[in-house]
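Both complexes shown next keep chain A, but they swap its partner, so chain B is in the first and chain C is in the second.
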Partner chain A sequence: MNFVLDWGIKFVLVLLISLIGIFLGLLYKGFDRKITAMMQSRIGPPLRQPFRDVKKLFMKETIIPDYAVPWLFNYAPIFALLPSLVALAYLPLGPFGPLMDGYGDLILLLYLLAIPAVAMAIGGLASGSPYATVGAQRELVLMMSYELPLAIAAVTLAYNYETFSVGVISSEPVWSTVGAMGFVGFALVLATLLAVMPGELSKVPFDQAEAETELAGGLFVEYSGRNLALFYIAEAVKMIFVGALLIALFFPYQLSTLIDPWISLGGPTIPLLEMGLWAMIADVAFFLVKLLVIIYVGVSVIRVAFARFQINKASYFYWVPMTIIGLLGTLLVVLERTGL
Partner chain B sequence: MSREKDTTYEVPIGPIHPALKEPFLIKFKLKGEEIVDAEPFPGMNHRGIEFMGMHRNPMEVIPLSERICGICSIVHQHMFTTATEHALSIEPTNRARYIRTIMCELERIHSHILWAGVAAHEIGFDTHLHFTWKIREKVMDLLEYIAGNRVNYSMWTFGGVRRDITEEMYPKIFETLEYYENLYEKLEEIFLEDPSIKLRTRGVGVLTKKDALELCGVGPTVRASGVKKDVRIDQPYAAYGDLDLDYVIPSRYGFENKGDVFCKTVVRLKELLQSVDIIKKCVEQMPEGEITSEPKKAALLNKLGKSAGEGIGRIEAPRGEAIHYVRLSEERDDVDCWKIRASTYNNLSTYAPMFMGEQIADIPLIAASIDPCIGCMDRAEIIDINRGEVQSYTKEELHELSVKKTKQITKGGVE
Partner chain C sequence: MDLSKTFDKALWVFHMNSGSCNACDIEIVAAITPRYDAERFGIKLVGSPRHADVLLFTGPVTTKMKDRVLRVYEQTPNPKVVLIIGNCGDTTGVFFDSYAIEGPIDTLLPEDAHIIYVNGCPVRPENIINGVKEAWIYLEKLRGDDK
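Let's turn to the complex of A and B:
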């Protein structure tokens, strides 16, 4: 009976997290668009524009091209969205630890990170348009390119904590587990992960798969209505997923615990923060701010500051410079751990 | 082995595609990401403007001619006017020549800045698109201040211009020129030094000097390959003869004349600076006098209706040399014949060598690198209504047709 109740609650919570994930994804998409616009000296759309976009897309007709493979074409958007939603249940979100802690680890998250890209490629290939086919090929090439630095980063973290569990890794900030050399090492690993982020999220300079001016939307060129809306949401949730993953791995700080040393040094106590609920609200707010900063650095700024790379140059970028930087970081961490 | 089968596939870019700003079709044969073959198919934006022009009197054609293109409206207006002046032996006044020069160069400034923004957009660098289009507003404001309109200025008339540039306008003109001089370094820093732009433009879309000469390209497209070709210098019109100009080619500024997109950017940016200098000199040297040699409208119209002749108007448009041919006859008040050859028509043939061996990712940038203006270019299309086919003629067939027509006209007298 207890078992059933336990899983019942988890089921409800997963649904809740999914809804929150979609909401946050669309909201942060709005932030990204607004911030980008301001950096490009435009006015930009209002924050709720992504919500309006989704609403409108759901009202539009969903067209399936004649040359498409209908079932693949229709299921691809769902398989692009689901992994990101599932992943949120395995990630610590602000003050809340991973809901499914113990049922999956960093390896699972890496796979969940890869599925949307594969789903997008399948959807593109299934739509039977030459543009989408080229886009799908590019998506797969890009995926193969950024998986290597991503795996290096994951292995480095696992080596440091001697576990792949996200719950354990996020229980102690990585910066305080190592000395100066390891600190530099992890800074390099973080840099590679930040470089992987626009690739994961198909943003400039790594948006070759969509490449509006080249492929007219690439993968999504034949998608419309509900299917396109699902892809749109999937992209938004994936942004939250990647952001939350970076926070969990590198910045699992909580406002309520950050404030402790200050209080112990004799600073005035903030009575509200000592009450559980307020501490939680502060931590949630802090988490949202961290997410905004990560998305600002990893998506908005890079998007504004670069031109789209050619696909071979993007591949080279991940395979050579980023892999070397990642390996260098790993080397520094290993050197420190082994005490050489 | 049976593995060696043809792995090329065809991707059409156009007629409607985000890489192209106007309807136009290029069919690409691709092998993976590499372009094996490219063939342009124009004729998607034919509007029959020449035909419309041939049913109006020359006075009415002036506003029509500037509507050929939204960006180079002064160019077409100038060419039509000068072609007609040539046919009727009307001389524009000296002051009008200077005002025309100033307007032409102002348009070059706005066209080149617009091109830079489009090029940045094509490689996914939207930040610079918004930046360049923002600074372009300043010259648009100046054009509006002088002519009363942001586009389609209606400044030209036979024998001169319709609006004067008075001394009260000078401060505003100089202010705008100074604005661009100050911004120029920033533009150069963005387009010539930014590593991610250099990565995309260097060595991409190369047009060798040999190809440029053989394919008769015009304007910045071939100047980037080191071809010294500029109507403003070769056959000066308006007030260009009074000015000391030099060909803008990359080697003058310490770059190699490679003919890639990077060099085309260099040429256009340097021309921006050249235009600023030209306008400054023109304003300083502006002669006094009337702005038009034919101030009486009724007399002019009468003259236009009764005289016959044919004339040619040439100009160095922002995109390169363009030509208008105009013929007037005594029997008809309307323009008897009007033929336009825009710069894009010449530059289109340079596409083939530029695309070869490049990647899909470079298509939009290379397509934009000649600054195509399809609206200017699409002038004729042959459609077989019975068969519902669009036909195209080869060079030999066209030659044969021309010979036949000439024989018809001269009644077989000329071989």
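Let's turn to the complex of A and C:
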């Protein structure tokens, strides 16, 4: 009986996390667009613009082209959205630990990160348009490129903590587990992950698969209405997923514990932060700010600063420079750990 | 047609050159620069007619482009609005009576197409944004008809 109740609560919480994930994804997409516009000295759309876009897309007609494979074409957007929503249940979000802690680890998250890209490629191939086919091939090439630096980063973290569990990794910030050499190593690993982030989210400079100017929308060229809205939401939620993953791996700080050393140094106590509920609210707010900073650095700034790479150069960028930087980071961490 | 105010504020625009001299196309690009910044109204240029709510046609329709214009119109999901940018699309302008021209765009599109004219040779970016405002008024009238 207890078992059923336990899983019932988890089911409800997963639904709640999914809804919050979609809301936050669209909100941060709005932030991204507004910040990008401000960096280009434009006014930019209001923060609620992505919500309007999604609502509008659901109002539009959904066309399935004659040459498409209808069931693959229709299921691809759903399979692009679901893994990111599922992954949020395995990630620590602010003061709350991973909901499904012990049921999945970093390896599962890496696979959940790969499924949306595969689903997008399948959707593109199923739409029967040459533009979408080229886009799908580019997406797969890009995926094969960024998976290696991503795996190196994951293995380095797992080596340091001797476990793949995200709950354990996020229980103590990496920076305090190692000395100076390991610190530099993890800084390099973080740089690798930040470079993987725009590729993972198909943002400029790694949006070759969509490439509106060359491929007329690439993967999504035949998608319209409801299906396009699902892809739009999937992209937004994946941004939250990747951001929350980076926070869990590298910046699992909480505001309520972060001020402890300050208080021990003789600073005045903040009474609100010592009460349970207020501490929780402060931690959630701190998490949202961290997410905004990660998305600002990993998506917005890079998006404004760079133009799109050619697909072969993007592939080279991940395979050679980023892999070398990642391996160098791993080497430093291993050297530190083995005491050489 | 189910429209609401949300639809007005999230217009995605597909731009197609149906045989113009390229001047209007450059002015359309000028409308999304920081000076005019059409994105603050939710207007976004998209690469595929499948994503579009508004079709921008520039130029008179040349014989070669006639089928393409009709095909792009059919590929766009409903509800959709057509914005004819420049004098050429409206009256064929300086290309009047040319052997290579199939006539103004509105004579080719289906009769139930929602068309808004934005005149000028070339159109100024201010006028293009004004054309979007006309489209909002048009959509408001359409909503009024539904009730």
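Some observations on this one:
One rule holds in what follows: the second predicted complex is superposed on the first by the 340 of 340 C-alpha atoms of A that agree within 3 Å, B and C clash if a C-alpha of one lies under 4 Å from a C-alpha of the other, contacts with A are read in each partner's own complex, and residues count from 1 in each chain.
Throughout what follows, contacts are C-beta pairs under 8 Å (C-beta built on N, C-alpha and C of every residue); 3 or more make two chains touch, one makes a residue touch a chain.
For clarity, every value in this text was computed on a predicted model and none was experimentally measured.
Of the two partner chains placed around the shared chain by superposition, neither chain B nor chain C is touched by A:L5.
In the superposed pair of complexes, A:Y223 makes contact with chain C only, with no contact to chain B. By the document's definition of touching, of the two partners only chain B reaches A:V204; chain C does not.
Using the contact criterion defined above for the overlaid structures, shared-chain residue A:L277 touches neither chain B nor chain C, since it reaches no partner.
In the superposition on chain A, A:A180 makes contact with neither chain B nor chain C. Using the contact criterion defined above for the overlaid structures, shared-chain residue A:P130 touches chain B, although it does not reach chain C. In the superposition on chain A, A:A305 makes contact with chain B only, not with chain C. When both complexes are overlaid on chain A, the residue A:S41 reaches chain B and chain C alike. In the superposition on chain A, the residues of chain A contacted by chain B and by chain C overlap at 40-42, 131, 212-213, 215-216.
Here chain B touches chain A in the complex through residues 9-12, 17-19, 30, 32-33, 120-127, 130-131, 134, 194, 196-197, 199-200, 359-364, going by the rule given at the top. Contacts from chain A toward chain B in the complex involve residues 39-42, 130-131, 134, 137-138, 204-205, 207-208, 211-216, 304-313. Those residues of chain C lying in contact with chain A across their complex are 2-4, 6-7, 9-10, 12, 34, 37, 39-42, 45-48, 50-51, 53, 75, 77-79. Here chain A touches chain C in the complex through residues 33, 37, 40-46, 49, 52-53, 55-56, 59-63, 131, 212-213, 215-217, 220-225, 228, going by the rule given at the top.
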